[in-house]
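Got some structures for you, see below.
The following pair of complexes shares a single chain, chain A, combined with chain B in the former and chain C in the latter.
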Partner chain A sequence: MATKAEVLDFIRIYADKMAEHRQELTDLDQAIGDGDHGINMSRGFKAVMEKLPTVEDKSIDEILKSVGMTLVSTVGGASGPLYGTAFMKAGMATKGKEALADEDVIKALDEAVGGIQFRGKAEKGEKTILDSMIPAIDAIKACINEGKTMEAALIEAEKAAWAGVEYTKTIIATKGRASYLGERSIGHQDPGATSMAYAFQALNEVAQKGR
Partner chain B sequence: MVGIVVVSHSQKIAEGAVELARQMAADAKIAAAGGMADGGIGTDVAKIQAGIEAVQTGDGVVVLVDLGSAVMSSEMAIEMLDDGSNVKIVDAPIVEGTIFGAVEASIGSSLAEVIEVLAGAKSYKKF
Partner chain C sequence: MKKFINDVENVENEMLEGIVLAHPEYVKRLEGFNVLVRADKKTGKVALVSGGGSGHEPAHGGFVGKGMLDAAVAGSIFTSPTPDQVFEAIKAVDAGKGVLLVIKNYTGDIMNFEMAAELAEAEGIKVANVVTNDDVAVEDSLYTTGRRGVAGTVFVHKIAGAKAETGASLEEVKATAEKVIANVRTMGVALKPCTVPAAGKPGFELSEDEMELGIGIHGEPGTERKPIQTADVIVDYLMERIVKDMKPQAGDEVAVMINGSGATPPMELYILNRRVHQILADKGIKVFKTFVGDYMTSIDMAGASVTLLKLDDEMKELLAAKADTIGFKL
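Entry: the complex of A and B
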């Protein structure tokens, strides 16, 4: 069961990570994109943190939607509409929930990944956010189906997300600016998959705190 | 009159395209929605939405985009409108498209006619 306090904790931890890894994400993006992913994500989540005190008393779905709305107007690059849509869809999926059961968390993640696929018109294997996000969600589902706890599932999810990040080094980008590089994108780690892996790292950290 | 919104990652590109188009069609309803609120490089859903609302007279709006997040941000801005059914993103060169679209719209053409002209802007030969 994830409480509202844990949802807020996740947002704060993820925002800290985006500030902390700003240069790393930007360096990754400089190699294969327009070199602004870290700058954009940290700017967006800085704005999220400024807005958060005004919405933290609201319901989980309103908090998530507010994060999404803030991101689409402050990130600037493609990650704005993508992460923004993900948070908004997660918000819609949790409407009316005071706390999130395991199935609610899975539903929110499914809606979020569906939103990213719809918005970016991408699939797994195209060197994008999805290459860490889809394996991470699959790992959660597999663990929960085996009867494991969400805390245990999120450990596996983070591992799967980083494995997905490693996988992006081996494939050609066919979406976004990196696609202009074609085969030259091979060998480079995808910045979007990396920022998404940090989201699962943040979820994992929140879960382990609650043990 | 059909409205035109120019969405670029660069505020200067959007404003420049609008400036060029106004030379040809001074009374056209055109909005520049380039860059972020602070003028930095990027696209901003709220800015695009405001641009659409500023030029929407009821006759429809075409949105010209540069690339990448300009497309996704424009799609989101349209989805967030109360009624975005007559707001269309067109796949056309942003500078030429803004000029052609502004001229076509200013002579009172319908949304469908403006979109058709802009589709042609993509294959327009400069020499």
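Entry: the complex of A and C
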């Protein structure tokens, strides 16, 4: 069961990670994109942190929606609509919940990934955010189905996310700006998949704290 | 990095302030937003809204004015503006005849402008959009996001803008814009990369004897790197790529744009233009109008692009119509 405090903790930890890895994400993007992913994500989450004190008394769904709206209006580029939509959809999926049971977390993640796919018109295997996100969510579902705890599932999810990041090095980008490079995109790690892997790292850290 | 800036976080904002101070007769800023609109709102016509990341000046704010755009939305450098900003621009310029969004084909731009269009439609504003994709360096196939929108976008602003001034309907303006998009092709080359202020270093490395072909307008690497050649050989290569895609015939009429990337002097752009005209003359293709200068830049990149637009009578008339903006006067 994820509490509101844990949801807030996740947002704070993820925001810290976006600030901490600003340069790394920007460097990755410079290799195959336009070199601003870390700059944009850290700017967006800085705005999220500024806004958070004004919404932290509200419900989980309102907090998540607020994060989404803030990202949409501050990140720009492709990441803004994608991450923004993900948080907004996760918010809509958790409406009325005071705490999130395992199935609520899975539903929120499913809605988030669905939002990203709708907005980005992308599939797995196109060197995007989805390449770390989908395997991570699949790992959670597999673990929960096997009767494991969410804490255990998130360890596997983070591993799957990073494996997905590694996988992006082997494939050609067919969506986003990296697609203009064609085969020259092979060998490079996708910045969006990387920033998404940090989200699962943050989720995992929150879960392990609560053990 | 050596630039005339105060704070990397404030580059876009201070630039917009400077533009408005310089050209109050052309543009004003929507308070609290990175949106430039015409100093005097034009009614009785379809409104054109374009925009994109900053760093392409004079695009897009420089094309706000009579005969071209009604509003331009400026994102962070090389980053699409956000939906709320585009939505404000749409609301500000809509005069009841609908709004046409001119979007360059980039994943981020399309998503943000589409979200803005959804917001505007929810408020009962009629919105249509077109997506420019003139860059022949990128293959338009199932396996890419499609060709990029680059300097040829300016011809869309000009011709669709002129069409809107005639009082045409949103559907008609959109159809004209799409005709331009179908007939305009561009290919670019860079000699030196650009430096995004917040990144503080060039987007890629090029040695003194190299050039990057098939360059986009965001400091991203191009599609091919080659040893530097003479201007004529470079133009021959760019033109070959454009002609292969466009297949113009003898007797066709075209408009030519030699666009500078920001750090290439007019002298070099004119040398490129000379060769473009020679090639077109050899092929029996008539040049209706030529535009040489910085229209769609990439901050301080040294480089240029060649754009050809194959014209019909309607496009000729609209291209020649009066335009009066900061960056484009006719």
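As a working rule, the second predicted complex is superposed on the first by the 211 of 211 C-alpha atoms of A that agree within 3 Å, B and C clash if a C-alpha of one lies under 4 Å from a C-alpha of the other, contacts with A are read in each partner's own complex, and residues count from 1 in each chain.
Following the convention adopted for this analysis, a contact is a pair of C-beta atoms (placed from the backbone, for glycine too) under 8 Å apart; a residue touches a chain by one contact, two chains touch by 3 or more.
Everything numeric here is computed off the predicted structure, so don't read it as measured data.
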Room on chain A for both chain B and chain C (clash or fit): clash
First (chain B), second (chain C), both or neither touched by A:Thr168: neither
Which superposed partner A:Ser73 touches (first chain B, second chain C, both, neither): both
First (chain B), second (chain C), both or neither touched by A:Gln189: neither
Chain B versus chain C as contact partner of A:Ser42, first or second or both or neither: neither
Partner chain in contact with A:Gly176 - chain B first, chain C second, else both or neither: both
Partner chain(s) touched by A:Gln30 [first = chain B, second = chain C, both, neither]: second
First, second, both or neither for A:Arg119, with chain B first and chain C second: both
Chain B or chain C, by number of chain A residues touched: C
Common interface positions of chain A, toward chain B and toward chain C: 36, 40, 72-82, 119-120, 176-177
Residue ranges of chain B touching chain A (in the complex, touch as defined): 9, 36-37, 40-47, 67-69, 72-73, 75-76
Residues of chain A touching chain B in the complex: 36, 40, 72-82, 84-85, 119-120, 176-177
Chain A residues touching chain C - in the complex, by the definition given at the top: 26, 30, 33-36, 39-40, 43, 72-82, 119-120, 172, 174-177, 179-182, 184
Residue ranges of chain C touching chain A (in the complex, touch as defined): 53, 75-85, 106-108, 111-112, 115, 137-139, 142-145, 148, 196, 198-199, 203-204, 216, 218-221, 223
